[in-house]
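Inspection log for the structure reproduced underneath, given as structure tokens.
Letters are used for the chains, namely A, B, C, D and E, taken in the order the chains are written, and counting of residues starts over at 1 for each.
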């Protein structure tokens, strides 16, 4: 479902990514690991068609990223460092807007379902700017999965979530994976990644240093890469 | 339930009586002006409205200072109520003026000192109301409005004087206008009484509006508890 | 067209945000009044100049107000990188462009419609016989301004250090539009021959068309990173 | 005074940011030049009107440009809630105020200094004999404008539709300053008696002092949450 | 070092905090826990004098919060949800600016020390807006401790940090506490809080539900509060 070929990205003199190659098949749950500044966010943004790679190509959800952006967009759900929510609209209105943009069928009941899942139902009519950090993150997750994407690209999705929401999200991801959704997510919690992900991708200074199942790498190996 | 207090009732009745008298004086007692005719009777509402708005803006400033010093919310509510009523009165001035201007100057508006001044004042206090309403956090909104209310009021006399030196066309002051302001005694008396009547009207409106905002606040508090 | 619904959705969202806060319209309205008041101090009262420069003041007020409205309208898409959220949606860039232009034209035109009568009173203008071509001028000027403004505000909103770009680009580039609008307005108000007015209006239409086509084509390069 | 160093630190930071991006100065410059150009077209070139209204146009251009500069200068403190960072520092609010006013005066004055020669050319003004009092007027007007503007930009940054709230608050309140500045400028350019000019300049000084004191006292209520 | 008395905060109709009372003495490390929206950030912001409480008073670092703000500010270091950094200035310039504002003696060597500690030395001359999330968080931590505050108020300080930086921060905090610095921090990781903090404060819907040493409460008790 995701295939990255020789992806590289430079910001001026700085090479954020070089020669990244990997493949992820449908229904896999992959954790993207790496030190701060390793290039995880940059990679996710490239796969989400938010930034163009300097070199290389990628295929997401069966479509070529550069040529068939619309098709890709329909099929991916993205959580990024920013919430992408409108502060002056309520939770409900934000979801409604994105739902319409994605032509989600039977939108209202889908919104109800997701607000229920994220336990935001009581606050659905409050403006998003009054939400606490964790509440915004929850809503941002709801926004990302609204249109039932086949591929989820999650950049530190657990940020700001309390342990209860963390469990909810874990269960949600597990269920999605069981439904053959492909998930690529960055996390800093190694143990979480090793317990839940089927495979680990570890970036080290912009290069893909490890691409292996959790059982095939030791924790120490990864820690060492992160420590530099 | 005493939604209207007896003191309020007294005020309302007093206002009603005074306004009736004012209407009588303006339309029946005062003589018709020789050159302008009956339009001139606008005068008896035009000038007192201006006076009432100045009074209102002064109260906004005083209450704002009190609010910033004490932090007591009731000063803020007083300032807000007074500003709203002040804007109402200055709007009346801006409506009655052109109505009068059209027959006598043959235009609704000209960029004369007094007219421009009134418009600038209107803009200042519209901005005052907007600052309050557009601030996302109500507590800060109160503080911002108070700051703006004080700086804005410094402007009331300054704007008045500076523009007067700049250009003028509007009638000179009648009250302290010295010799030849040429007002018939009946007219003068009517004007004086109307000034008094509008002051009473202003006070009543202020008291009631302040009362409403107090009740609103209590309602909010009740909503919290439940 | 299959993106019509999405254009509508974006437009609807912008209108919703506007209705909620009434930001753009109320503030632009008061603002254009303020501009008129300030510009008055440029002239001696009741002077000839005042009458002849009314169209200029009118359009400058509209231009400034629009500039503010435009920058607000894009600032809204910035707060939480919402523009990126829009880019994640499966929608053509051209649909986003069209929706944004439509929203901007709508808001600016509304403000102009409300301000105009006030200006007519203030400057004692006589628009009775020419109100229709005047309205046309208003729409044409607004359209050109909003088209260019939409692209430029996207640029200025997207590229960080180039935050300055909106006014820097907008004013010089739209000087032709503003001028043509001022000219035709003043000819109209001065009761000049329609053919003279028409030559300016034609220019205005030409600018509008050119700007729209160019902006439409360029927009997709502007919104992406 | 023990906060002198902190005032300098804040000012230094603002200058550094400006040198890096140059956005405030460029924006203001382009803007005021555009206003002048547009007005140039409003009037018939070389006409009487043009000469008599030059001081007005000058100041209106400066006022609008300053408005833009002021709002940008505050927007910078907003990006990552930097104003909160400043509030966490052990520094008097009045020091923050003074530093911000100083920075704003500096930037605005620079722009005026660059724009002035252009205006002199465009409007064919003769400022030779009066350049010193003219400069004084420029500084005094800028000071008053920046003082009030600094307080108001802090307010408007915390309101919805912040770009528009600033001019809505700023312009009506600064009418006396703009007026006095226009008056003394036009008296100077018309070669009137210095005593007449002086009466307006005195007024300008009085406004500046009053506004500065009041704003200085009120600033602390504005920046806190 | 911190004493909160009857602190309450309302946002319009919403009561974010009600009647919060606690005391923290010098050199204590306290974890502030609670579900998303429980009021943690609001409490931290009040103690940092960034927001006024609607009711109640607090004393921080020995000074009354309302009356002696300057004294309080000199002695506290704050990490909040925002980085408070200037994106258009370099790491070095940001620290230099804040250092001067706090009149940090021997500033340059202090900056070197902190950039070294946070492992940002190589990037010191890059603009902060080009930093990755974790790098920004590191710099934000450096900014907060620049003036060697007696009291640290840290709102989710681990956000975005990789495991290596997490260890660095943990060690830094331990050392600070050993030096008699008082630390109040919010975290979502219960186990971390129970392992490291001397005492736990748990907020539940704006009220202080638990104020006890880790040993005196069970994990389940806290989890239940977070689950509602």
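Rule of thumb we're sticking to: a contact is a pair of C-beta atoms (placed from the backbone, for glycine too) under 8 Å apart; a residue touches a chain by one contact, two chains touch by 3 or more.
All figures in this text were calculated on a predicted structure; none of them were measured in a lab.
Steps from chain B to chain C, minimised over paths through touching chains, total 1.
Note on connectivity: the fewest chain-to-chain touch steps from chain A to chain D number 2. Placing every chain at the mean of its C-alpha atoms, the farthest one from chain E is found to be B. A rotation of 175 degrees, rounded to a multiple of 5, brings the CA atoms of chain C into register with those of chain D.
C-beta contact counts were set side by side for A-C and B-E; A-C has more. Measuring from the averaged C-alpha position of chain D to that of chain E gives a distance of 39 Å. With centres set at the average Cα position, the gap from chain B to chain E is 50 Å.
Chain A and chain E have centres, each the mean of its CA atoms, that are 28 Å apart.
Chain contacts: chain D has residues 21, 160-161, 165, 168, 171-172, 175, 179, 224-225 touching two or more partner chains. Taken residue by residue, chain B touches two or more other chains at 120, 123, 126-127, 130, 134, 136-137, 166, whereas all remaining positions touch fewer. Among all residues of chain E, those that touch two or more other chains are 11, 52, 87-88. Touching chain E in their complex are the following residues of chain B: 137-139, 220, 223-224. Of all residues in chain D, only 148, 151-152, 155, 158-161, 165, 168-169, 171-173, 175-176, 179-180, 183, 203, 207, 210-211, 214-215, 218, 221-222, 224-225 touch chain B in the complex they form.
Contacts from chain D toward chain E in the complex involve residues 5-6, 9-10, 13, 16-17, 20-21, 76, 79-82, 84-92, 224-225. Partner chain E is touched in their complex by these residues of chain A: 11, 14, 34-37, 41, 81, 123, 130-135, 137-138, 156, 159-166, 188-190, 223, 226-228. Within the complex formed with chain C, the chain B residues making contact are 98, 107-113, 116, 119-120, 123, 126-127, 130, 134, 166-167, 169.
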